[in-house]
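Each chain gets a letter, A, B, C and D, in the order it is written, and its residues are counted from 1.
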Amino acid sequence: MLESVWLIPLLPLAGAIALGLFGRQWRQRVVSALGVGSVGLTFAAALGVAYEFFQQDPGSFPRVQRYFHWIAAGDFAVPLTFYVDQLSILMVLVVTGVGFLIHLYSIGYMAQEGGYYRFFTYLNLFMFFMLLLVLAGNYLVLFVGWEGVGLCSYLLIGFYFLRDSASAAGKKAFLVNRIGDFGFTLALLLLFATFGTLDFAQIFQGVGDRPTETFNQVGVLTGISLLLLCGAVGKSAQVPLYVWLPDAMEGPTPVSALIHAATMVAAGVYMVARFHVLFSAAPVALAVVATIGCITAFYAATIGLVQTDIKRVLAYSTVSQLGYMFLGLGVGAFAAGIFHLVTHAFFKALLFLAAGSVIHALHGAQDIRTMGGLRKKIPATYWTFLFGTLAIVGFPGFSGFFSKDEILWQTFVSPYGSKVLWFIGVFAGGLTSFYMFRLLLLTFHGDSRYTPVVAERVHESPRVMTRPLMALALLSLAGGWIGIPAALGGKNYLEHFLAPVFATSRMRMGTAGVPHTPTEELELMALAVGLALAGFGAAYWMYLRRPTLANELAQTFHGPYQLLLNKYYVDELYQKYIVRPLDWLADRILWQAVDVEVIDGAVNGLGFQARAAGDWLRRWQSGNTRSYAAWVVLGALLLVTVLVWVMR
Amino acid sequence: MVPISYYLVLSGVLFGLGVVGFLLRRSIITIFMSIELMLNAVNLAFVAFSYLHEKLSGQIFVFFVIVVAAAEAAVGLAIIILVFRNRASLNIERINLMKL
Amino acid sequence: MNTWLEANAALVLALIKVLVLVLILLTGIAYLVWFERKVVAHIQTRWGPYRVGPHGLLQPLADGLKFLFKEDVSQPNVTSPFVYVLAPFLSLTLAMLAIAVIPFGPDVELWGVTIRPQIADLNIGLLFILAVTSLGVYGIALAGWASNSKYPLLGSLRSSAQMVSYELALTFSVVGVLLHAGTLSLREIVDAQGAAWSLPRWFVFPQIIGFICFFLSAIAESNRLPFDLPEAESELVAGYHTEYSSFKFAMFFLAEYAHMITASCLLTILYFGGWHSPFPATAEFAFTEYFPVLLLGALTLLCLLEVFRLSRGLHRFLMLVLGVGLAALAWLVAQPPLLAAIQGLFWFLVKVGTFLFIYVWVRGTLPRFRYDQLMAFGWKFLVPLAVANVIVTSFFLAAGLD
Amino acid sequence: MSASYWLFFIFAGLAVLGAFNLIWQRHPIHSALSLILVMGSLAVLYLLLGAEFIAAVQVIVYAGAIMVLFVFVIMLLNVGEEERTQWSRVATYLGLPVAVLLVVQTGYLLYRAVPMAIRVDPNRFVGTTRRVGELLFTDFLLPFEVTSILILVALMGAIVLAKREP
């Protein structure tokens, strides 16, 4: 089974090809059967591989599966290799599992939408690229996956391409990602220049031989790491490149759930974790990672406080959660980062899908100010949403609690972390709790604020949508139990499971021997939970007890409120100071000067030269065959003369 | 006994005469025949060399040349008939539509 | 003097052969004409030539003299005088050239000299004949073109097309025989048919289809009825030789009959075992040796009977002379050495004579084709048939059942 | 002075004569006839070189088929003498000297190619039909088949070209 890892990415690809070619003719049922079936099979295959995996000695990994030579040019050879180790297995399981559920959900959600087959084609294609990314055993393959998921996200954001805002959002996502990928590509070149190979194993080998680059002597590794980070920031929507993610909510909700919450945006995190060897050798880069993560976590949370679009709130929460992951990575707690990635995949997917269910129930309404009191109308959605909320705010026992707490604890104790970062993280947690409960309460509690017309058409979503919700709810509850910290008498399986992967970097960073002081950890936990509860309380007070309070506050703190509401005017700033100048450059310099004058000039000049030559040569074509014959014979004579007098 | 080189020289002379006809005649048919003459000259050289090296492949080659010449004659004459039908003349200098 | 003779004995012998053959051939052709006229006449229940000599036996002589001494009405405005004159020579020469490689019998030992009744024994004899016959077209084509007159031109166009087409069938049909004999030398082909099973081992029996194809296309090659389109009197006066007269015309005439003879010889050689006797060479068939004598004897008797039947004295006298001559010849042939030597030649001539008779017979019997029918017949029937024959034959030979 | 010696000179002379006549005559028919003469004498020369089969094929195909086609076409189109146009200056003035130079040099080249000592004995190396055939159907089988295809194509092409559109 382990040899047939190639099956995992191949199945969705097959599905995508089949659907893309023939889906148009097929009936909806067939399309969904194929689209979901392929992913289901993939999930099954993943499970099989995982089973096989657990049979074997953890020490025998990573294992590299070589398939064929993809590129072979001189000494530059890129084989298609899959890198099978604990990390990739975990990712594969998450991606396929969550992906499968979301596919199921989509059957119901997209049923009335146009371009049904198109949707599933893109989705399958995305699965293929994502799995390729996760399994990649060398940099170029990973890059392919990386760009592929970018492409799919672009296609899916712009799925309703008739809406200008949708296509605009798609373009935005694509362009912003380009900025990140630019750094990524540079990193690729630099890597090859440094290590002469793109194969993970060899690169890690090479890094292992190099000394750690401390703060006062920064070297190539730091450069590479920072460039990689640039890519990760783009993909995982960190400050300052987060701007595309909120707009990405233009896409269908399942897409937001799958791509812009659970999997793709986590690619950056995965990538950093995958290159932990590199980062751990470059503390500067790690510090940057941590800082960025922390800032993002807090910053996005603040924006989330005042947003009114249900999906946008979730989007900002996603950004901030990703911030947490980066924070974890940054302080060298890679395992914790991945842990949060997993749990986040569960509950954020859940939240998005539940939100989708809400929107579905309200026939497309997304503004939470027009909702309220849905608790009775759509109980299944409500309960699942509640689970998700509890998970994300880190209510004890829920998955989010364990993972987030792990990160914060590591931040607190790790030599690479710091109290400041820790404090900001905890505070952001409080904010998270506030805006999440705000969302929950405004949506499901209180008295309904939507029009009666809508009222009687509100309905619970079909089974095919609610079932996945329940499954995810279960996961977001229990998902965290794989990593119960020792402080709570748990074993923290996940950490031990991932230990062999990150062993090297632990050695290098000396985070292996961080002492677990249960009492202290418990105190911190309590603090976090307390803040979460405080957030809940605030939300409860403002939106149920004194509904007017919110507006009053908005009036009194008008300036900051506007600032938050307009997301710190970041988009406008970008527009003014980056987009405009670039436009000017492209238009005035590159187009009207370089392109028209230089390039076109050169081409036309060549054309004129050719014509002149033609005018001259034309005289030889007299049209008189005898003359041609004469020339031919003359040539023959020349040859013979050479034969006689030169080659004697 | 005749030296083999005589045969070769003969073939050379025939070829040259073919070239002359090829250049100086104006009737397409005659030019065509000059070409055939050249082919024959080459064939003679082939046979002579095949005798010289005692290799039959030379003669085989002549055989192929003859076959190809047959095909060429068939098509060529068809073309000539067509030309004559459309131009009522076989003077190659009158067939100069290739001039721009 | 003597030494020179000994030095170039071969050359001298060859020259003698050529002279003898040409003489025999020309007289043969002359009398073939007489024969044809007679046979056709009797087919049409006429007497045919009867005046000049007994039973018109001297008719050929008279014709020859007439051709020789008639005024040549040569064309004042022929397209090209040279070609006009060249054409008849060409056709006659080529027609007679073909006979040069035909073996009339096995080597014979006479007075210590071995004579091979054949002018040139090429080991590509068959190819040579094909080549020469393929050249035969020119005579007719050029004649028609040079006469600068429309009927001849039409005739020549027809004939060149016809001959080129039927040459194909001719060549293909021969291939079967070649596959059997495995050689191109006519002599060896004949030898290959030497041995006898219960019935003689001639190639007609395995190659019956090939034989038919060859026979038909041979008739067409020599422009004879029913394929004599080039000179179809009813359509184009006399075809390609309309504008010819006197001896030039005679040449075409002779050429045609020479073609007939060549064709008959080839048929004999390729399919009917050449000079081999149809009877197995065993003791109980020894008496067949005396057939030549018997034939001559029979002829003698005929002549002597005619002496009494004929009315005019001169004719009676001539008949008597002929009869006596034949008797003498019979006696001469009866002598053992000569008798043995004559066998091959005798059978050969008998077979050739039979075919000549069939030629005449066909002419006397069948009507003429229409031109398109002719072409269709050649291309759509004969050629495919011949090709099929080749394929089948080669399969059989490959399978080993000879 | 053996027979082959005389034969060579006679037929070489004939060939050259024919070739010269071919380019000298103004009427295509005469050119065609002289070409036939050339071919015939070449066939004899082939025989002298011991290439029986090729000689036969030369006569059958070249003289017997191709040239018949030429003559046939000439008669069909009733081509007259060619007109004396001199529109191609380069061919008119350059033609003859160039050709002569070509002949001289080619002749010299071929003359130089083999030593005089090697003389031709018709019976030393004979390309009998059998041997040629064997070679043709073993080593050269593929080219042989290909030429058959070529012939077929040429046949169809000729028919398509010369056929009058109804």
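Note that contacts are C-beta pairs under 8 Å (C-beta built on N, C-alpha and C of every residue); 3 or more make two chains touch, one makes a residue touch a chain.
Bear in mind the structure is a predicted one, so any value in this text is a computation, not a measurement.
By the document's definition of touch, chain C and chain D have no common neighbour. Think of the whole protein's Cα atoms as having one middle point; the chain whose own Cα middle lies nearest to it is B. Two chain pairs, A-D and B-D, are compared here, and B-D has more C-beta pairs in contact (counted per touch definition above). Rounded to whole angstrom, the centroid-to-centroid distance between chain A and chain D, based on C-alpha atoms, equals 79 Å. Each chain gets a centre from the mean of its Cα atoms; for chain B and chain D, those two points are 6 Å apart. Per-chain Cα centroids separate chain A from chain B by 75 Å. For this pair, chain A with chain C, the centres built from the Cα atoms lie 100 Å apart. Chain C has no residue in contact with two or more other chains. Multi-chain contact residues, meaning those touching two or more other chains, occur in chain B at positions 19, 23, 26, 93, 96.
Counting only residues that touch two or more partner chains, chain D has 53, 57, 65, 76, 87-88, 91, 95, 98-99, 102, 106, 109. Pairwise chain contacts in this structure: A-B, A-D, B-D, C-D. For chain D in complex with chain C, the residues that touch the partner chain are 27, 29-30, 33, 36, 43, 52-53, 55-57, 59-60, 63-65, 68, 71-72, 75-76, 128-129.
Here chain A touches chain D in the complex through residues 622, 624, 626-627, 629-631, 633-634, 636-637, 640-641, 643-644, going by the rule given at the top.
Chain B makes touch with chain D in their complex at residues 1-21, 23-27, 29-30, 32-34, 36-37, 40, 43-45, 47-48, 50-52, 54, 56-57, 59-60, 62-64, 66-75, 77-82, 84, 90-91, 93-94, 96. Against chain A, the residues of chain D that register as touching in their complex are 87-91, 94-95, 98-99, 101-102, 105-106, 108-109. Interface of chain D with chain B (complex): residues 2, 4-5, 8, 12, 15-16, 19-20, 22-23, 28, 31-32, 35, 38-39, 42, 45-46, 48-51, 53-54, 57-58, 61-62, 65-66, 69-70, 73-74, 76-77, 79, 82-85, 87-88, 91-92, 95-96, 98-100, 102-103, 106-107, 109-111, 113-121, 125, 127, 131-132, 135-136, 139-140, 143, 147, 150-151, 153-155, 157-159, 161-162.
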